[in-house]
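Letters are used for the chains, namely A, B and C, taken in the order the chains are written, and counting of residues starts over at 1 for each.
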Amino acid sequence: VDSGQVLVNIGNHFDLKASVFTAPRRGIYSFSFHVVKVYNRQTIQVNLMQNEYPVISAFAGDQDVTREAASNGVLLMVERDDRVYLKLERGNLMGGWKYSTFSGFLVFPL
Amino acid sequence: VDSGQVLVNIGNHFDLKASVFTAPRRGIYSFSFHVVKVYNRQTIQVNLMQNEYPVISAFAGDQDVTREAASNGVLLMVERDDRVYLKLERGNLMGGWKYSTFSGFLVFPL
Amino acid sequence: VDSGQVLVNIGNHFDLKASVFTAPRRGIYSFSFHVVKVYNRQTIQVNLMQNEYPVISAFAGDQDVTREAASNGVLLMVERDDRVYLKLERGNLMGGWKYSTFSGFLVFPL
């Protein structure tokens, strides 16, 4: 999410340059993302990563559509200082991350 | 979201006729929507609006599919009395807003 | 969600075998799901069920796509001991529930 706009960043736990969320404390967080593919006939696969490990994936593979989103969401138990971020596992985003969103918030602390 | 059914409207901050959410207090809110296009070869673009301004967009443009959703979600900092609603920016919904959802809740107050 | 992995199950209110969420108390819950269809030309319809009743539906019907998600989400008022689960109303999931997610959490108690 390189060139995106961060709409809400309470607590400054999002690193704006790399769009890595670093957990300020242990707890259950809700994460969701919608990554939009623009004018691109390739299939994309987007992984939500916790530290070095993929947790969930989403796909967009339609060949005839100008804009299509790879979306998913999850509740995650996160340790303090864990890093959560999106990784484009397959394909590329020719139009950049425009229209894409990535949201996370603490559901409850542990 | 004209003819929809409001499943949950705690606090009566949703205006049922126009489906405008009016914020009862300042805070971070989570909003998400899934707008379903039915038997329609046009591309639709749905904007989530905060007052008069579009915040995020979602698209559905597949020509061969009977039902397809334009989905997105975001965390928003909202001032008291801000209005948040969906706007069909492009295309039309021939089948109305059936199967479509629009949800918002306060994540934490500010 | 038979063969899935439950990432977070705080309170043990998810029945791992059947993926039925049984509400521990009355309140407003946020539920969302992304059910992924893999190599399948059929249309699928997924219903989110509260007890015996469908609340919302989602569809995936693209014929030319290897992976496509039927996604939706909703805020629900849930009584104590209500059961909330996903039901495949139409079509089948040849690849099982791989990549699919189903999340729910209490937004606030009533």
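Everything below uses one rule, namely that a residue touches a chain if its C-beta (ideal position, glycine included) is under 8 Å from a C-beta of that chain, and two chains touch if they have at least 3 such contacts.
Chain by chain, the UniProt names read as follows: A, B, C = C1q domain-containing protein.
Source: prediction; values computed, not measured.
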Practice item. Have a look at where chain A (C1q domain-containing protein) meets chain C (C1q domain-containing protein) and say same if over half of the interface residue numbers show up on both copies, different if under half do. Key: different
Revision key, fill the gap. The C-alpha superposition of chain A (C1q domain-containing protein) onto chain B (C1q domain-containing protein), two copies of one sequence, needs a rotation in degrees (nearest 5) of 120
Practice item. Could you grab the centroid distance between chain A (C1q domain-containing protein) and chain C (C1q domain-containing protein)? Build each centroid from C-alpha atoms only and quote it in angstrom. Key: 21
Exercise for review: Could you check chain B (C1q domain-containing protein) for residues that touch two or more other chains and list them?
Suggested key: 30, 32, 62, 64, 71, 73
Study note, to complete from the structure: Listed in rising order, chain A (C1q domain-containing protein) residues that touch chain C (C1q domain-containing protein) in their complex are 28, 30, 32, 43, 55-59, 61-64, 71-77, 107-108, 110
**Study point:** Residues of chain C (C1q domain-containing protein) defined as touching chain A (C1q domain-containing protein) within the complex
**Key:** 7-8, 10, 30, 32, 34, 36, 62, 64-69, 71, 73, 99, 101, 103, 105
